[in-house]
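As structure tokens, here come the structures.
Look at the two complexes coming up: chain A is in both, with chain B in one and chain C in the other.
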Partner chain A sequence: MLLTFERMGALRWILVLWGVLVAAFLLLPVLFIVALSFGSSRWLQFPPPAWTLRWYQELLADPRWLDSILTSFKVAALVTVASVLLGLLAAFGLVRGRFPGREVLRAFFLTPMILPVVVLAVALYALFLRVGLNGTLAGFVIGHLILALPFSIISITGALEGFDKAIEDAAVVCGAHPFEAKLRVTLPALKLGLFGAAVFSFLVSWDEVIVAIFMASPTLQTFPVRIWGVLRQDLSPVIAAASSLLVLLTLVLMAAAALVRRGSRR
Partner chain B sequence: MTRPFLDIKGIRKTFGPVVAVEDVTLEVAKGEFLTFLGPSGSGKSTTLYAIAGFQPPTSGEVLLDGRSLLAVPSHKRNIGMVFQRYTLFPHLSVAENVAFPLRVRRRKDAEIDAKVARMLALVRLDGMGGRMPGQLSGGQQQRVALARALAYDPPVLLMDEPLSALDKKLREKIQLEIRRIHKETGVTILYVTHDQEEALRLSDRIAVFNRGRIEQTGTGRDLYENPATGFVAGFIGSSNFLPAEMERGEGDAAAVRLPDGTRLTGVRMHQRLGAGESCALMVRPERLRLETASTGGVPVRIDDVTYLGDSLHFLVQAPWRQQIGVRMPIASGIDAGLTSGTEARLVWPASAGHLFAGAS
Partner chain C sequence: MAHGPSTMPAHGLPAAGRAPSLRRWDGLGYVLPAFLLLAFFFVLPVVALLLRSVLEPTPGLENFAKLLTTPTYAQVFLNTFTVAGVVTLASLLAGFPVAWLLAVLPGRWAAFLFGVILLSMWTNLLARTYAWMVLLQRTGVINRALMDVGLIDAPLPLIRNLAGVTIGMTYIMLPFVILPLHATLRAIDPAVLQAASLCGANRWQAFRRVLLPLSLPGVAAGSLMVFVMSLGYFVTPALLGGASTMMLAELIAQLVQSLLDWGMGGAAAFVLLVVTLALYALQVRFLGSGRMTAGGAG
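Now for the complex of A and B:
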């Protein structure tokens, strides 16, 4: 007999309690920030003496905040598109290709995940200084793309490995040009992998701060960079509001991803 | 002689040092149901893939109706194929799967709808068009795959072990459907299997594959009654190979001697053999008889008797310590003295023996 959750008797309540504790440990800082963003105290008093939406109003009334949010969106969207496209091509090469050094290349593609981000940021900064990409949208996109690509490649490679090539072959004998077969049969079959790649790529870029700090200029900065910059000058509840927005979008994307996954399983 | 419909000429395929197909030559008539039968790794799939265009052969030629197929890319060959694994497009409904080849051919919607309905009726899945592949059983999926492969009226249909993932009952049921569909459509079918019963049940002709070559092509009856090689004899039906020594041959009849000294004449010889050569004498279990009253034949001891309903199966031991299988129909009247542990005489008509090179 397997030891299932239902069979554990009293032990299961200990497990439940443990689960709740771990979740609380992970979530408390976030909940704390969200609570503060609705609190009326300018000095971030906890528990908040009263509740208000004032800090959100201030945030949304300030064009510098809005600009940074827009910049973050633009960068993340471009990174998402580029990362999924490149990830898809790389996955086809890595999974279907038969060439020496394939495994090495695969490992190499994942190095941005293990390389300290600061190292990458400094290197990019030095390189972009020569080609004049610092402080430009392209600079942000390239920097974040490097960080996002490994996630895309892992997600899409996994999906492609789980896809039986014979299904694509079947489409070809049915009369579809190999390219059409990939477009109409293989890509739809990979949709979960592609969607996962898109969500991860967007999130990597959306809350990335280290590379973005190096890339930023006074006129062009992303949302997290602006949070960081303002935070260093003064501690205002507006920051808590901004952070809450950052978390909110992440939550929305994760929820969407979960829904898509559930929907396609049915 | 008329030109063959599908003409496979000297196909050879190597993967690096591996020779997958050594040399396959085969002529297939229009409307014929021809099966590739052979052990695993004998090159059946590789030959099929060369025709489908997934794996171009290293050398050789394939002509369809006199025109070379090899120069045509896979998607323009207009050939139907059903795979061993389930290959329905997972995101499309059953009807859209069957419609797929027609959509890529840019047919009109009305025509597509009519054809899909006809195809689903052909494979007895009417009314299932709206289902998704994941909601179908394995047998249903393969029938949809068959409908999809026939939707564009291909001149040739290739099937690579389409039923091997199904259980025996279902397999036999779909075999009957495939036969019916073959009759109704008249399509030329090349079918791969390593199940000889399936091959015998379905095919007009069978090509027996071994190590990248075709050992023999013929009807099931040909292969069973006149096997060209020891391999074919051993692969089709059950068989006993008795070691023998060639004494002399005249035409295709030979005289041989068994290890215990028994001499046999009028044995059918399928390969040229010289006097004194050691060879193998093949006899089917059902052509052998055990007798207690006789004095001829080979003296044997009965090791084991199995009751099989319509027949008895004996395992007997020859004087040269070989176990031989004997199958006798109960209706033929079996001596009650033939029980385990008793001695008997093993006899067979001379024409039931087939002589092949090399003692097995």
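Now for the complex of A and C:
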């Protein structure tokens, strides 16, 4: 009755109306920013008096913006590789290992996810001030890796738990070296989990701003840190252009994820 | 300690010939790199930070005493808990019908609504906060529209105050309450509600006595998650709030970065950490650990 759409009577239209309102609430600000990024008004008039690509030109002509985008890509790429590798190893240990305290360790690996990021950011900042890692690429990568690793471990342990080890054993019985069996039988079967780990790790690093604010120096900052810095000054339409590029990236990644999911179902 | 892949019991050959003491530690080598990373760059710095709260400037609990007795800091705590509470309540009220709708909508429409929720959730936090900064400003679209239709005469102060922070954060937290609630509602067998109706319950009674109680685990999971996340939020309060609406995470950042007061910063971090972990423990204890999903950074 209350969980069957056709039999809910007038109630279902109330729910639908509410759903439309909330969907608009969630969607309109994002569309609004994209529209503003093409608007000609410096003062973010809406609807824009005319359309222009000026803010994108300003964004892409400014070496400070380009440098920050490049830094973000470098950091996110390194974090993705490290996070998937460490996550894969840890997943093998957690799923197949037989040592005591495995469950505790698994919970421990996920704690960076529940801890307020600002605490990690401040703590790392103090440590890195001492060892001279502040304002370095390594500093960004380590900070983001801590935050990305739990996502990697969840994604890959999930895939590994769903993989029937008998298939790997069969390869070994047929004469494959255990390592070869892992590499050529198990790893391909985990590809969806690995892909998920990579996408999440990349996004965690790419979008992360709090640790990055503390890690940044005047000469080395990530894209979000640069946005943050400009936003503290004024609401420049260049930020709308930068935000729209980030929305585009989100859409691309969502589409890629949907395609991979569809491909794997076949 | 275990080492290469060949010592894993996992490669399928019967491990009977191996000494049990060796098997006991099999697999530990695999988790070692991740463990060392977290030990050195997570546990060590956090513990060091917390220690500074009782060691600097002089050993003792004076930082905590100051934190709990100074009116400025009391205001920060009040702001933090007020915003977290209001945001949780608002997300829950707005999100419950959406989660319900998602559970009953035909596939195609549900997929569309899911797409909208995920797009919003995955869009960069700064981009979304920027959107609200522009929308809520004095000359923003919302104020202009309200004035055009004659509801107000002068622009409402919607930004640099608690209203702005609450609106912006509810926007960001909504998906985190919709998704777990949807999972709970989805798992309820519609036949239970048919049974209620056969037994003579009207719509309201069926909702009040069957659907709502059955959805409570999802309500609790979603609201605890949003509450905990809101307590430690930094970016949105810093950009949409003003000087008088500072929240705990901003206070920590400011104490450390601008005032270089590591003792007080450590103490404030300690409080935030203890409250977060206590609420998380509550969640695990009553709802099982599986329900707490991605926290998201803010």
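Before moving on, here are some points about what is shown:
Everything below uses one rule, namely that the second predicted complex is superposed on the first by the 247 of 266 C-alpha atoms of A that agree within 3 Å, B and C clash if a C-alpha of one lies under 4 Å from a C-alpha of the other, contacts with A are read in each partner's own complex, and residues count from 1 in each chain.
In the analysis below, a contact is a pair of C-beta atoms (placed from the backbone, for glycine too) under 8 Å apart; a residue touches a chain by one contact, two chains touch by 3 or more.
This structure is a prediction, so every number in the text was calculated from the model and none was measured.
By the touch criterion defined above, A:Gly132 reaches neither chain B nor chain C.
In the superposition on chain A, A:Leu36 contacts chain C only, with no contact to chain B. In the superposed model, A:Phe25 makes contact with chain C only, not with chain B.
If you count the residues of chain A touched by chain B and by chain C, you find the higher number for C.
When the two structures are aligned on the shared chain, A:Asp169 is found in touch with chain B and with chain C.
When the shared chain is aligned, chain C comes close enough to touch A:Ile210, but chain B does not.
In the superposition on chain A, contact of A:Ala189 is made with chain B only, not with chain C. Legend: residue contacts after superposition of the two complexes on their common chain; A:Pro178 is shown touching both chain B and chain C. Comparing the two complexes, residues 166, 169-170, 172-173, 177-178, 181 of chain A contact chain B in one case and chain C in the other. Note for the complex: chain B touches chain A at residues 52-54, 74-81, 83, 85, 87-91, 100-101, 104-105, 145, 148-149, 152. Here chain A touches chain B in the complex through residues 164, 166-167, 169-178, 180-181, 184-185, 188-189, 191, going by the rule given at the top.
For chain A in complex with chain C, the residues that touch the partner chain are 1-5, 8-9, 11-12, 14-16, 18-19, 22-23, 25-27, 29-30, 32-33, 36, 43-44, 46, 86-87, 89-90, 92-94, 96-100, 105, 107-109, 111-127, 142-143, 145-147, 149, 151, 153, 165-166, 168-170, 172-173, 177-179, 181-182, 203-204, 207-210, 213-214, 224, 227-228, 231-232, 235, 239-240, 242-244, 246-247, 250-251, 253-254. The residues of chain C lying in touch with chain A in their complex are 2, 4-6, 8-13, 23-35, 37-38, 41-42, 44-46, 48-49, 52, 94-95, 97-98, 100-106, 113, 115-120, 122-128, 130-135, 137, 139, 141, 171, 174-175, 185, 188, 190, 193-194, 196-197, 203, 206-207, 210-211, 228, 231-232, 234-235, 239, 249, 252-253, 256-257, 262, 265, 269, 272-273, 276-277, 280, 289, 292, 294-295, 297-298.
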